[in-house]
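Structure, as structure tokens:
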Amino acid sequence: MRFMPHTETDIAAMLATIGAKHLDDLIAHVPANLRATATINLEPGRTEADVVAEISALAARNAGASGFANFLGAGYYRHYIPAAVRAVIARAEFATSYTPYQAEASQGTTQAIFEFQTLITQLTAMEVANASMYDGASAAAEAVLMAHRLMPKRSIVALSRALWPEYRATIRTYLSALGEIEIVEVPFDETTGATSAVALDRIANDRLLCTVTGYPNAFGIIEPLGAIADMTHRAGGVAISATAEGIALGLLRAPGELGVDIAVGEGQSFGLPLQFGGPGLGFMAARMTHLRQMPGRLVGQTRDRDGRRAFCLTLATREQHIRRERATSNICTNHSLCALAATVYLSLMGRNGLRDLAEQNVELAHRAVEVLEAAGIHRRFSGPFFNEFALQVPSPSIALKAAERKQVLAGIALGNDYPELSDALLVSVTEMNRSDEFGRLAAAIAEVR
Amino acid sequence: MASAGRIVVVTEDETSSTPIRTEPVAGVPLIFELSSDGRRGADPSPRADGARRGAEILGPELCRENLPGFPELSEPQVLRHFLRLSQLNFAQALQFYPLGSCTMKYNPVVNDELAALPGLAGLHPATPAHLAQGALELIARMEAALAEITGMDAVSMHPAAGAQGELTGLLMIRAYHRKRGEVRHKVIIPDTAHGTNPASCTLAGFQVVVAKSNRRGYLEAAEVRRLVDDDVAAMMVTNPNTLGIFEPQIQEIAAILHERGALLYLDGANMNALLGVAKPGHMGADIVQLNLHKTFSTPHGGGGPGAGPVAVKKHLEPFLPMPRLKHSGTAYEFDTDRPDSIGRLRSFHGNFGMIVRAYAYILALGGDGLGMASRLAILGANYVRTRLQPHFPSASGEPSMHECVLSHDLEKRADVSTLEIAKRLLDFGIHPPTIYFPLVVPGALMIEPTETESKEILDRFIDAMERIYDEALNDPARVKNAPQTLPVSRVDEAEAARRPILRWMPGA
Amino acid sequence: MASAGRIVVVTEDETSSTPIRTEPVAGVPLIFELSSDGRRGADPSPRADGARRGAEILGPELCRENLPGFPELSEPQVLRHFLRLSQLNFAQALQFYPLGSCTMKYNPVVNDELAALPGLAGLHPATPAHLAQGALELIARMEAALAEITGMDAVSMHPAAGAQGELTGLLMIRAYHRKRGEVRHKVIIPDTAHGTNPASCTLAGFQVVVAKSNRRGYLEAAEVRRLVDDDVAAMMVTNPNTLGIFEPQIQEIAAILHERGALLYLDGANMNALLGVAKPGHMGADIVQLNLHKTFSTPHGGGGPGAGPVAVKKHLEPFLPMPRLKHSGTAYEFDTDRPDSIGRLRSFHGNFGMIVRAYAYILALGGDGLGMASRLAILGANYVRTRLQPHFPSASGEPSMHECVLSHDLEKRADVSTLEIAKRLLDFGIHPPTIYFPLVVPGALMIEPTETESKEILDRFIDAMERIYDEALNDPARVKNAPQTLPVSRVDEAEAARRPILRWMPGA
Amino acid sequence: MRFMPHTETDIAAMLATIGAKHLDDLIAHVPANLRATATINLEPGRTEADVVAEISALAARNAGASGFANFLGAGYYRHYIPAAVRAVIARAEFATSYTPYQAEASQGTTQAIFEFQTLITQLTAMEVANASMYDGASAAAEAVLMAHRLMPKRSIVALSRALWPEYRATIRTYLSALGEIEIVEVPFDETTGATSAVALDRIANDRLLCTVTGYPNAFGIIEPLGAIADMTHRAGGVAISATAEGIALGLLRAPGELGVDIAVGEGQSFGLPLQFGGPGLGFMAARMTHLRQMPGRLVGQTRDRDGRRAFCLTLATREQHIRRERATSNICTNHSLCALAATVYLSLMGRNGLRDLAEQNVELAHRAVEVLEAAGIHRRFSGPFFNEFALQVPSPSIALKAAERKQVLAGIALGNDYPELSDALLVSVTEMNRSDEFGRLAAAIAEVR
């Protein structure tokens, strides 16, 4: 088989050295009943050409990937990925190395992670960022657990209902084993689409452990994050923000500026393909004072014996392989290569490029809204938005079907996750949408009204 | 300006055993140090007709000042920077990388191309199911293949990594007992367990009870019988365990647990030893997680991403995480009516990009190839173990599976530590084995050669180990001062922890 | 087994000017030395239903014995071998590579992806034109773009490289004169010309007449007037010439040639100096060849492939090589009725894969960007020239265009040769300039920085040159023993020529 | 612009050093009339995303690239290319380096070329091979020029008419300037499709400079190369073979075994994509006695100062940059990266893999013929063939159109280049053709008969 170099001669020689006759002698000690039934009934191996044909055929059956004017968002966003990002992550030296336990043989990976950590602190205006988490949702859950470690006595976790359903579900699952925790959902303002200050105010008491707010939120609304952080702090809780559209951080006030204590998010927008939802990139940033309770890997700068600057994994005493059941998290393998892609992407965009892109997204989304309004289709909420917005549509599912016939993926019906929003359609606009697509979108939806 | 960081190229030339002495040189600057105001690595798109009016639209109160300290470079500068960084790494594609418990086997390059097919890489997770049947079928086929390989009944591709698979499994165990009206608080874990096992237990709200493996390095049923009671929800066993030993009494242990209503969670991170050799399902496992980035060859990426699917027996199927795939008879769709599910642990449908690669790998090897892979992996581990036995005796007398754990007397004889041996190996262009793990073996060297490395490579590794043993006795300085041929000499990790510098700052 | 070949990573860190001393180590084995009977890097396809009966079908008299000595390796071994080899190279993407006359500018990585699009890479050259309109239009657009850039009337994308473009041009010149009932035997070439110019003349059946450039490094019209007669078919001029100087009297020279019925062939290999600065067509050139792998950024690939399109004035259009693209009004097709064409010089439609990349490059820069590229290339060359003037004076007093040719007195002062300076530069992680060319400048250093290198990089290069000048005077051994930080030390080229070993042989 | 790093400040500083005010001061010495008219009237530069969109649109308009059952050959062949080939040639260290003039910084390229040279000598059973030529056709032309240098007194170049039209045309062009040369075409045997021995015999006199024979030839016929070489030698000429389908060398007797003096060919089959016909890979192999007259670059093995094995360009005294007008060729840039691809491809195939592939191609082609014969469609020639054959079809152009409507590219009408074969269709079969395509091919052609 093409991946295995062993010739008959090699095998014979190795067996002889070991003092065995047949390969199966080496597993003779495995209980016979297990070996007897171990045969794997799958088709025989295939040539590379056949594997390519097989998987290409499956790929060809995903119409959604092409040919459509696409307005899907809701936590994963369509952005252009420069070829240089692929050129870097394709390097075997990055792609086929393990977690950089041996610093001397991993300076490429450790320095890149150090650069990633720095970029995330710059984007969030926080003091420390870790080497990556699985995705935005699990990072949000880890943030809540971190808050819990910071204030073990408190019990109320306030999740904005305008936080993505998947983030809320993930947090619930991660917390499900911690009996003492009580999760409450903070409703959103019916008109603005932002988390309701009134409602939050009611919950913000001395049992408040933390608040988790989408920024922008699940409706694309730019939350008054500063005000929410203040309320949280007045109650003595930990303010957590979650950002799914990372590009927004290139233009919006940074969570750190607004008083947030833990800023987490999804880095998929930073040069990662959609690939049906994963792997993405979870990021987490916090204040140095909370460093010891931070989950995940960290790379630090140090020196080698000859005084050269060098980088290595550090503060591992927080981690499972040292702390075991007292670790800050069970995470081991993270999303390192995705963090590298993000590092390359952000470096290419640069300070001005990232802001230009963010401004362009805002502009295009608002232009789309103008076109829709002109066609008599109105926004469901009035709050300020970045590049995603909810539309008021009598029957979203019908509208979606109609649009599909016009080769338009018009968005996502919010009703599935928000019964109270059965008349709302979530639309995402990025630089990947050409202006001429707005008209097609409007026409498709208008038709069914 | 001068030469810095050089990477070691392993050579298989017999004649070439002279290591290289280097002098201090500086490394690659940080991306921030290469930045200069006004450079662009990406040009503004003319699409938005020149003016970027976004800030105007949102107004100043919502907008930040332009990212202070954020880098600005041209595209060639960015590319050159990261290509240079890549040259500072060891990697499986370039070096022998026998890192125990990590299964650093060859990652077929075609699989990366397949994952990048527009029909897969360009597919938005919210695409309506009827427009994503190819992707859903791929996931379904993968579930079926893993069920067949593990001898389990149902599989979820949801978890992002092995540790998340563990958490998924433990939460299912909790839900299972709850459903039966029981609340159990304890999980038994052997002393040889990987750190993620106890950490996951804590997350899942369980207390850890440690089971001792015996002198020979495996678990005795008696020990389990001693520890098990009605408050034990489950036991987590890694098989082969982290000593590379197949747990001989696993079936009896499963029986004991089941007798008391406890479940057996099998950590499948070491599945590379079991393909076509023994199926966890037949051992009595109720749940097993698999690490696609190990057994199924998805590239480890310098620390991920991977994927940690869980396979379960029928009685646990109702508790599998959301979303759950089902076939309506005409098409694949997601089953939303799963009242007993533990819910979701991440967004969307799992690390699809990794699932594609692993599926391509399974197609390439087929049932027969997978069985051969494990046998050759076991052959390699036993070959290395046998040849190194004189100076690096095995930590256990039991036969090894896909990896072997060795010890040595150099600490005593020459005050040379396992860490120093590992660093010296770097000078031979070999990535060191996993060291100081499992914890039960002092100064452990955990070696996993994998089936994709040739006998020649194993022989070179063995020669290097012998030579280092020698040096430790006759020229210890050479070992203690290693590595000498890498971009940097020994890195001061203590210093890094003492004064944490975790980000670059202007003028730093 | 031990460390061998290390590659140098250029660093821009000021503090790092200590070169590295190495000891002998062996290199990467040859692929043949890694071979072992029975290994497979590609599995036999089951498609032909198991048995390969080809040999049976053809019979033994037509079949050879199975390739003796041919390698057999597994896929991972093959990949690792070539990845290791790659680590032994310097390359533009990783190192500053100011190789004069080669225009080693950044090669945009996206262009390689575009050339690999199935619709382009998978297109068979014999595909009927109506099924390949996209490819034909791309070629047509490229012809138009190059005509605009050069100020010529018609372009052929046919030639495979610059030298083949030269041959194409010279054969057209021959055909042109023939057509007019003349047979001319001579072509005038300046003493600064690139070697391919005279070589191409011979191939085209012309005698070479050498024109002397003056002390200031350019051609005087007087010299051309002196040499031209009715037997001169054409003159080949490189502009800017290989001294990096714009030929100031080029228009007068063209006039003189035309007066006598001779043509002006302009070698456009140095077009990177002229984009938006001066068009060959306006200088009086009748023919110009372009090197897409220089000016238009297609990767040089360690020696090619490239592409050498020729652009001509109307009166030469009928002689352009076959196949010739035309537009029928409704679609693109090949014009087969071209009686005066010189015919074809290779198969099919030119190096299409390179044409795609070059077109993508032209789209990316646009008219304005191309003009800026030449200006910044010229800026870089003059900056380096000015700063190095004290120790490495320019070979000419004339202003430099995109490259400068410098000389030095170290041969005399310290018996240190240009070659040794070049080798020492390698220790600084810099690829040396072109050396000993043009031939008119003793010990020439021909430096072409290109527009894609930053001021910081140029400054590092300048520092390195200054430092080497210093070393040559104070520590010449260090220069003479360079390089010390590369996979190999100074390679014995004389030995290679004395006893040619041009292939591996079993047991060699 | 994203490829150029110069900031305003950099430019100002550099100009100041030079002593200039504006960039254009640096070109002030270029005649004003030229500068005045130098502006390039092309659209302004574009973003990477726009360039990708533009070229993808062109690519999408090449229907021929996909969706068709493809039987096109005639000098360029469809073969599966393992991903590892792309992974290697994509390495920046290989792709963005220049010709390896500085041996110490080019051991990767020089060793790979040395391995390529060796592989070509093994495939051809010759003693020396060069580092590559542009393509098969130009390599054939260079071979004739090389023969001319070997026997300057002789004048007759005998080209088999069964040599590809493009090869014959290229040779004619390369020789067009050498007055003393006379090119004659040796007809092919009407029944076998091989070069006519009778005809060759008539030409083989003491003026014969060389013979050039396709192996297999333009009709896919396996020529009696040994006999042709003997006749050539008896007349004192140089026997040249040209192979366009390199895979054939994995199974057929090697040119070297059959007495050929110079073996050239096209290496596209060795891991290079079709890419509409270029870049391909010319290879040339010969006997050591002819070394000094060989064109093109050569890499040789030597040692470094420390005694390590090393590789470098050698025998450059044959080449243009040293010999100038007396060089063996004007070739400078060759097709090095294509040679690297071939080296990786051949290493992956290996001794057994390459033979298997060759046998499979023979088998599939013969199976296709069986299917066609069964449908009453017969071969035009009777000679033995490798993976390509001519069919007797009343009106090929009509058949091709009919097949096209059935999504089959049935082959190439030989009549365009061979008026005497206006009833012949050239069909190529490789491992890329699934057996089920043979029936479609037969049906399509049968229909119009």
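Per-chain residue numbering starts at 1, and chain names A, B, C and D are given in the order in which the chains are listed.
One rule holds in what follows: a residue touches a chain if its C-beta (ideal position, glycine included) is under 8 Å from a C-beta of that chain, and two chains touch if they have at least 3 such contacts.
No experiment lies behind these values; they were computed from the predicted model shown.
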- [ ] Decide which interface, A-B or B-D, involves more C-beta pairs in contact, and give its chain pair.
- [x] A-B
TODO: Please identify which chain has its centre, taken as the mean of its CA atoms, farthest from the centre of chain D.
DONE: A
- [ ] Could you give the separation in Å between the centres of chain B and chain C, each centre being the mean of its C-alpha atoms?
- [x] 45
Open item on the list: Suppose each chain is reduced to the average of its Cα coordinates; what separation in Å results between chain A and chain B?
Closed with: 20
- [ ] Indicate the whole-number Å distance between the mean C-alpha point of chain A and the mean C-alpha point of chain D.
- [x] 48
TODO: Please list all residues of chain A that touch 2 or more other chains.
DONE: 1, 3-5, 10, 44-46, 48-50, 82-84, 86-87, 90, 92, 431
Open item on the list: For chain B, give me the residues that contact two or more of the other chains.
Closed with: 5, 7, 23-28, 36, 38-45, 47, 73-77, 79, 83, 87-88, 93-94, 106, 108-110, 112-113, 452, 454, 487
Open item on the list: Taking the touch rule as given, give the residues of chain D at its contact with chain A in the complex, in rising order.
Closed with: 48-49, 80, 82-83, 87, 90, 92, 431
Open item on the list: Give the list of chain C residues in touch with chain A in this complex.
Closed with: 36-47, 73-77, 79, 83, 108-110, 112-113
TODO: Sort out for me which residues of chain B touch chain C in the complex.
DONE: 1-29, 33-34, 36, 74-77, 79-80, 83-84, 87-88, 93-94, 106, 108-109, 427-430, 452, 454, 456, 460-461, 463-464, 485, 487
Task: Residue ranges of chain A in contact with chain C within the complex - done: 1-5, 7-10, 44-50, 82-84, 86-87, 92
